[in-house]
Amino acid sequence: MKQITFITTGGTIEKTYNEHNGALSNQHSILSKILATLRLPGITINQRNVIFKDSLDMTDSDREIVLDIARQAMKRSDAIIILHGTDTLELTGKLLCEEIKQPKCPIIFTGAMRPYEFRDSDASQNVTEALFAAVLVEPGIYVAMHNRLLAFPGVKKDRDKLTFIKE
Amino acid sequence: MKQITFITTGGTIEKTYNEHNGALSNQHSILSKILATLRLPGITINQRNVIFKDSLDMTDSDREIVLDIARQAMKRSDAIIILHGTDTLELTGKLLCEEIKQPKCPIIFTGAMRPYEFRDSDASQNVTEALFAAVLVEPGIYVAMHNRLLAFPGVKKDRDKLTFIKE
Amino acid sequence: MKQITFITTGGTIEKTYNEHNGALSNQHSILSKILATLRLPGITINQRNVIFKDSLDMTDSDREIVLDIARQAMKRSDAIIILHGTDTLELTGKLLCEEIKQPKCPIIFTGAMRPYEFRDSDASQNVTEALFAAVLVEPGIYVAMHNRLLAFPGVKKDRDKLTFIKE
Amino acid sequence: MKQITFITTGGTIEKTYNEHNGALSNQHSILSKILATLRLPGITINQRNVIFKDSLDMTDSDREIVLDIARQAMKRSDAIIILHGTDTLELTGKLLCEEIKQPKCPIIFTGAMRPYEFRDSDASQNVTEALFAAVLVEPGIYVAMHNRLLAFPGVKKDRDKLTFIKE
């Protein structure tokens, strides 16, 4: 049974709606709701909820925390999936790529252009893809999104087409 | 075949998500998406999209427009349903109640505490109830929401429980 | 707080899928799943699961049971809603109409043309309508479905258009 | 832009409900509904609807047709995905494995334990995984389902756990 560790950091994928004030923000992780809809008989999942922020508000120190948790998780995981806001995903990916020279397992970033709570969200697709990459690919640092697997370095958000591409 | 006229004014129920900037706002009507999920063999629906605003931003002049459109629609409708933001729904309802002394048909306000685009929205329930009230009740001015039909005057939003009640 | 009693009898609305043998049949009630999606602050719901059958398989004795349970429930309910298969709903409605001359509260039949478990089911709409009728209408025996409230006697299924109509 | 060819053959994933007679059967392909919910900017999809059957009713001659279409599709596709009933998927997979010694591209079978039209179907997950495998893996013949990629020969349905495994 493969061990997959999820590290959640907030971002668009995890934004939720507050009916009292109408705000859409990062309040708690929604990952368990997505996982409850998937059939995953061959893996065991551990979840670490690290940060609840729009990724535009993530600081360098937040990214260091993600790096530390990823380093720890590598010791006992067959793969790591990081839920991340898309606006600064490439910065955190770049940091991990520079600091973890020889990843022991696949480290896969994913997120969404539309929060999971919306009917037309891409969150379920992207988490499904990240989980499938987690059991298929060689150690490395990647983004899995919109039917593409892209390896760092050189991954960036295409802000017109709202997806990730290689530079 | 009964004629039902919908007047849409925006509000929470019609807020949609912009993937480019992450904003949740009133951009266009989502009513046709809700209606496409309902089975309504006994009625014909006309739709007038009047205003696209958070109801906190509605002005007195906006409310006068809604009043005018409702007056016109009364002439050729068996019922009128007004999609409205919940924060100032009671102000528009009060205006219609004061200005239209003898409504010729039911005028039913509804809306939602969570935008239709969210999976857990109350929008479909409320529109279903408004449509059912439209074919069942006597002429008058009402709110239909959360399994309650409340007649103006004296209707207000319960901001703790996030529903409408009689004063 | 109004007391609503649901009597479930199976029928299309409650059919569920068995992944082992591919059968679609009446195994258990799905009503609680529908109710979990609705906002019902003004009512209390009691649920009696009486029969799990395709309504084509209901016997006269099954209909007598429904009649008995409805009679008991009338004593302590502000309204009764009966989930029923559409194929023989009119027979059970006719029986109740003949045997309960003066209903003390509204008794409202509903069901669906497509089981609740399907994405495009009419079940949520119909249960929402039955619940709204339950708090709005005078004592009597009715079908609530597809934006129509029809009073017994003289209600029948339109097998071409797949809805209920008055004869 | 990669060219993916879908070959649909019916099976549980494509069963749809007939409201007139209550039957759940293979009437038409539902693939386009699934694809409409996915974001697939890097691929072009061709769809060949070949058979509409429960896979228990597939004949040897049906399997030969699937083999022929797959052989043709290989010439102009970067990957082939075959939607198939799970009960005899292993027979068709075995045939392709024996007859196509050196596949020019990945040929990926998928399907579902619960038809797509049901709310809790595994169809979207499995099609998402098949599409992701289509752009990731080496030529070969596989099943993609439930977060597993399994290579023929030696793939079979686990009828207790309702998933696919290696013998």
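For clarity, chains are labelled A, B, C and D in written order, and residue numbers in each chain start from 1.
Here is the rule we go by: a contact is a pair of C-beta atoms (placed from the backbone, for glycine too) under 8 Å apart; a residue touches a chain by one contact, two chains touch by 3 or more.
Note that this is a predicted model, so its numbers are computed, not measured.
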Whole-Å gap separating chain A and chain D, where each centre is the average of the chain's CA atoms: 28
Centroid spacing, where centroids are CA-atom means, of chain A and chain B in whole angstrom: 39
Distance between the centres, which are taken as Cα means, of chain C and chain A, whole angstrom: 45
Per-residue overlap in chain B, given as positions that touch at least 2 other chains: 113, 120
Category of the chain touch graph - line, ring, star, complete, other: ring
Pairs of chains found to touch, sorted by chain label: A-B, A-D, B-C, C-D
Residue ranges of chain C in contact with chain D within the complex: 12, 17, 19-20, 22, 24, 54, 113-115, 117-120, 159, 162
Residues on chain C engaged by chain B in the complex (per definition of touch): 37-43, 113, 120, 122, 124-125, 128-129, 131-133, 135-137, 144, 146-149, 161, 163
